[in-house]
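Chain naming follows the written order as A, B, C and D, and within any one chain the residues start at number 1.
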Amino acid sequence: MSKSIKKIGVMTSGGDAPGMNAAIRSVVRTCAFHNIECVGIYRGYEGMIEGDFKPMNARSVKGIINKGGTVLKSARSKTFMTKEGRKTAYQKLTEANIDALVTIGGDGTFTGAMVFNQEYDFPIMGIPGTIDNDIFGTSHTLGYDTALNTVVEAIDKIRDTASSHNRLFFIEVMGRDVGHIALNVGVGAGAEEILIPEEDLGLDRLLESLRRSKASGKSSSIVVVAEGDKIGKNVFELKDYVEEHMTEYEVRVSVLGHMQRGGSPSCFDRVLASRMGVKAVESLLENKTNFMVGLLHDKIALTPLDKAVKGKSEINMELLRVSDIMTT
Amino acid sequence: MSKSIKKIGVMTSGGDAPGMNAAIRSVVRTCAFHNIECVGIYRGYEGMIEGDFKPMNARSVKGIINKGGTVLKSARSKTFMTKEGRKTAYQKLTEANIDALVTIGGDGTFTGAMVFNQEYDFPIMGIPGTIDNDIFGTSHTLGYDTALNTVVEAIDKIRDTASSHNRLFFIEVMGRDVGHIALNVGVGAGAEEILIPEEDLGLDRLLESLRRSKASGKSSSIVVVAEGDKIGKNVFELKDYVEEHMTEYEVRVSVLGHMQRGGSPSCFDRVLASRMGVKAVESLLENKTNFMVGLLHDKIALTPLDKAVKGKSEINMELLRVSDIMTT
Amino acid sequence: MSKSIKKIGVMTSGGDAPGMNAAIRSVVRTCAFHNIECVGIYRGYEGMIEGDFKPMNARSVKGIINKGGTVLKSARSKTFMTKEGRKTAYQKLTEANIDALVTIGGDGTFTGAMVFNQEYDFPIMGIPGTIDNDIFGTSHTLGYDTALNTVVEAIDKIRDTASSHNRLFFIEVMGRDVGHIALNVGVGAGAEEILIPEEDLGLDRLLESLRRSKASGKSSSIVVVAEGDKIGKNVFELKDYVEEHMTEYEVRVSVLGHMQRGGSPSCFDRVLASRMGVKAVESLLENKTNFMVGLLHDKIALTPLDKAVKGKSEINMELLRVSDIMTT
Amino acid sequence: MSKSIKKIGVMTSGGDAPGMNAAIRSVVRTCAFHNIECVGIYRGYEGMIEGDFKPMNARSVKGIINKGGTVLKSARSKTFMTKEGRKTAYQKLTEANIDALVTIGGDGTFTGAMVFNQEYDFPIMGIPGTIDNDIFGTSHTLGYDTALNTVVEAIDKIRDTASSHNRLFFIEVMGRDVGHIALNVGVGAGAEEILIPEEDLGLDRLLESLRRSKASGKSSSIVVVAEGDKIGKNVFELKDYVEEHMTEYEVRVSVLGHMQRGGSPSCFDRVLASRMGVKAVESLLENKTNFMVGLLHDKIALTPLDKAVKGKSEINMELLRVSDIMTT
């Protein structure tokens, strides 16, 4: 028989993403709505082990819905990967009378959560927060939509200078080992070519494509490269290769870097975070555990954490065709 | 037996929306990809009647994917509502050897298209372009996602001044007679109350809600009002009513107005527009007609135009509950 | 002989403006740098009278440099206009051992400060914070540069829809009774006409100008109207007048409203605020009083408060000529 | 005796900068205003040598005031550095009946212009367009203000993730061999340390400063590094050095890159460009030559081109002190 939940802990872990604060706010306020206590756990599993807790009420999360980053901070914890680390964490949670956990993060975060749940039967709900959109069980992770806009705006700026100078730009974007961001911003920014880990274009076809683009009268070109792509060892080597084999272009490289993770969340991410927080808390109150809250076909839905971790988030290969057609 | 399509006309009609240019670009380039001619029709049905046409190729649509508005201009045409008007339009299309039409717009645009199709058996595909998201058969109309971000950013700015002065703001947002924009930006901007046509809150409950919000320690409040809402006759009368019955707040009104229609489209709208343009052209080439291209469950799908026009785009009432919980 | 200053109060008053938080941060940190205590006074003179004070140190102002609004809140105080009000304020300041005051605001704020200084010989420094740029003794008030960008971006969005529909837009912008904002955004947004209080164009010349613009082939027009302009009684009456006398255009009105006051400050405003805060505190420590810190010829300079209040901030009439040339 | 000018050529050269299009527009429209012909010269001196000219009228520059980059394209020309190259250029200008030149660019652009003027007595006016603000004779070059905002917004985003993870970020910003951008964005973004070529902080003082910042309770730090700074050989080596000597921080590097050059110009840059274009054309019409149009003490003023090139644009060292105070 399951016990009644009276105090929920909320934390963020792994890489931060826009919308995490909106999710924290939603968890805290949903607790308040149901007259449940809520405790913020700082710096992910690291803070859990150290007992770095702070009670939170509806006022604590005022004015954060539109802020990037995470007010609870985030960290990657090696200690939590050890049995002792998790034991300490459990003791700290118990001492603080925390009955259940909402953990906001990605793969690594959920893997840790599952192990912890298995060892201590501790009720857990996951909320997918990462700009990479690499989680199974949700069409959108928190921060992904915002990152798409951030990247597209940055590429628009680079396009200004590229087309003023007849240059070829290789732009490396985030996404770990999946191509969601690269593929969407590539289409959205009108990139001439998109290199993603899911499809090995090959260096020869890249050169061919660039030559065709040049021949068709385009004076500048943008190639979006996913950080996980392995066509060249990295984007700088890619530049060297192309410069060696094509003299038609001046080649430049831009690695967009960490600015992709920040910024005020888009309306979509704020709304999604609000919906997910409500569902996470209410699912715990219904004694569900070990699920991730996701968005499937525009509806909030639960996926078992192990499926979320093991499953593969498929990219939309239709977009590669759309990109090909757009750049013909 | 259907004839083979060799020249497609593309036009925008009704209120403009961000993403229309990206859709035009996609239609033009998909035609080029399939070696079909493409013709831009200026100022919607008005320009069709006047024969205001311009051949477009892949280069014609260079650099417009990230521009708001529509390079083909838009208009509302009274002449096209007459039999003669449509007859002239048909003659002009025939003279220009245009075989089929992609029309980008909303309800009114599609209604005109259907009548025209019935009268002249002219192949037509619709693409939903309006910030209001009031079209059945698609979860998102072009421009809607962009408008949500535009509005949320504007409300964030107003929040700065509202919270500096302990004020109550009524903010009127667009959406014609549906509450999609109001509901989503209300949640996304953390509005204390959201007034939409789909739910009559009633003036008494509004006052009660504002009093509760004040009592809970909030020093400022944002109320988002859909332009189609009829709780007060308009947002200024609403202000007067509240000021009469509550002296706790200084009340201000902001009508966001036409800036909501403009701006560079979000990545989502650019990608959606690109996908829709491909589907519209390729569906015509497959001799389909009288459909609207939409997004359903994240996939591009066709809906018969008459269903798109007659059907009702449902708002997500779950969001009203989320909003209630967030503002408790 | 002047006494040594050990504790400075800082406050914001009047309409809020982007950069006020950056100025507060600068005042607080400059106090910390000089080992002086600093106290935040909430809600302007109103909070001063109520003794609504809070000690602030370098950590208190963390993360606010890029936030719009004012963390100290603002208000307009009628009580402070009375002798008793100011007496109470003086008592509260004395009880809290506050030796000197940095007051951030506009005309009204400085007038109050001067009277208070005369009555109680209380050391005061003013920092000009208002988007209207209507203060003598500084080329830029805090928030003005940010507001120019906010407004220009909004007009760019409206231009998208105006040019898609061949419309004429009257856009009312802030500025109280001066035309700084209108004149600069008018030039910056490429407005066809700019109506400011400093120059009475006259309705006839406006019509003539619009007709010339139409005749020259322009299909859409933007007219920027300063809120203080009196050519028509207001922007809606202006619309009615033009529609009555010109049928060439569909006319629309947009009142940009309070969003002009908010938003993250521009780099210029953040840097200016930082410089002004340092100068305000260090001037008090040098026993200067009754000055406003301003920017003159790119340098930080002091102006006596009475001159700042009485003087007239001249607009740059050269810009009207530039606008005329640009729209020929 | 000077001849009357009837046709002016306008070009952009060197690195592109936001505001260049606004300046082109202003030159073209001022010519139209004075009934002078205007010719656009493409790709800087390279296009001049090739005779890549296009007549421009008021309509040609419609809708470009808010666009980044340059519609006339830009390039660096080696051929123009040769006597023959300049001879060909002169012939092409003469053949096209171009009497005078407005050249928009930086140091290199102006140096070329002066040599050309000396050799052929060809009337020339320069407009400073570069984000680096490294030109003597103007307080602001075109694009500088916009770049400051672009960079500050990017650093704000990085701050989100830095403070969520307690990280130290080295952020490399543009500016060639001067520290204007670094210094201003460093203050504007609240950087803990600013490394500019004009002041050699030294690696020891940097470490000391970072340790002090950490000790004062700051959990994250931003160090802004001008690309021209030579404290470390480059920003990656700087990272390595600090990681070797401090274990308190996780260190990350972000090189903002070419996005700093793009984007829609700020209101300030649009207005400045408009003013400069008017002055450039009207000065040529007054038979002035060999000057650069600049902004000095908020007024448009001319500086001889050789002074503009030889003079040194001084950075505001007061800002380094302000930065020190802000980060105490």
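Rule of thumb we're sticking to: a residue touches a chain if its C-beta (ideal position, glycine included) is under 8 Å from a C-beta of that chain, and two chains touch if they have at least 3 such contacts.
If you want to know which protein each chain is, UniProt gives these names: A, B, C, D = ATP-dependent 6-phosphofructokinase.
Small disclaimer: the values here were computed from a predicted structure and weren't measured.
**Q** Report the chain whose mean Cα position is at the greatest distance from that of chain C.
**A** Checked the centroid distances; the maximum from chain C is A.
**Q** Just curious, how far off is chain C from chain B if you go by their C-alpha centres, in Å?
**A** Distance between chain centres: 35 Å.
**Q** As a quick test, compute the distance in whole Å between the mean CA positions of chain C and chain D.
**A** About 28 Å separates the centre of chain C from that of chain D.
**Q** For chain A versus chain C, what separation do you get between their C-alpha means, in angstrom?
**A** 39
**Q** Mark out which residues of chain D touch at least two other chains, giving numbers and ranges.
**A** 156, 163
**Q** Between the chains shown, work out who touches whom and classify the graph as line, ring, star, complete or other.
**A** Per interface graph, the chains form a ring.
**Q** If you look only at chain B, which of its residues touch chain A in the complex?
**A** So the residues of chain B touching chain A come out as 25-26, 29-30, 32-33, 58-59, 63, 65-66, 139, 145, 148-149, 151-153, 156, 163, 184-185, 187-190, 216-217, 264, 266-268, 270-271, 274-275, 278, 297-298, 300, 318-319, 321-322, 325-328.
**Q** Residues of chain C touching chain B in their complex?
**A** 12, 15-16, 18, 20, 43, 67-70, 73-75, 150, 154, 156-166, 169, 219, 252-263
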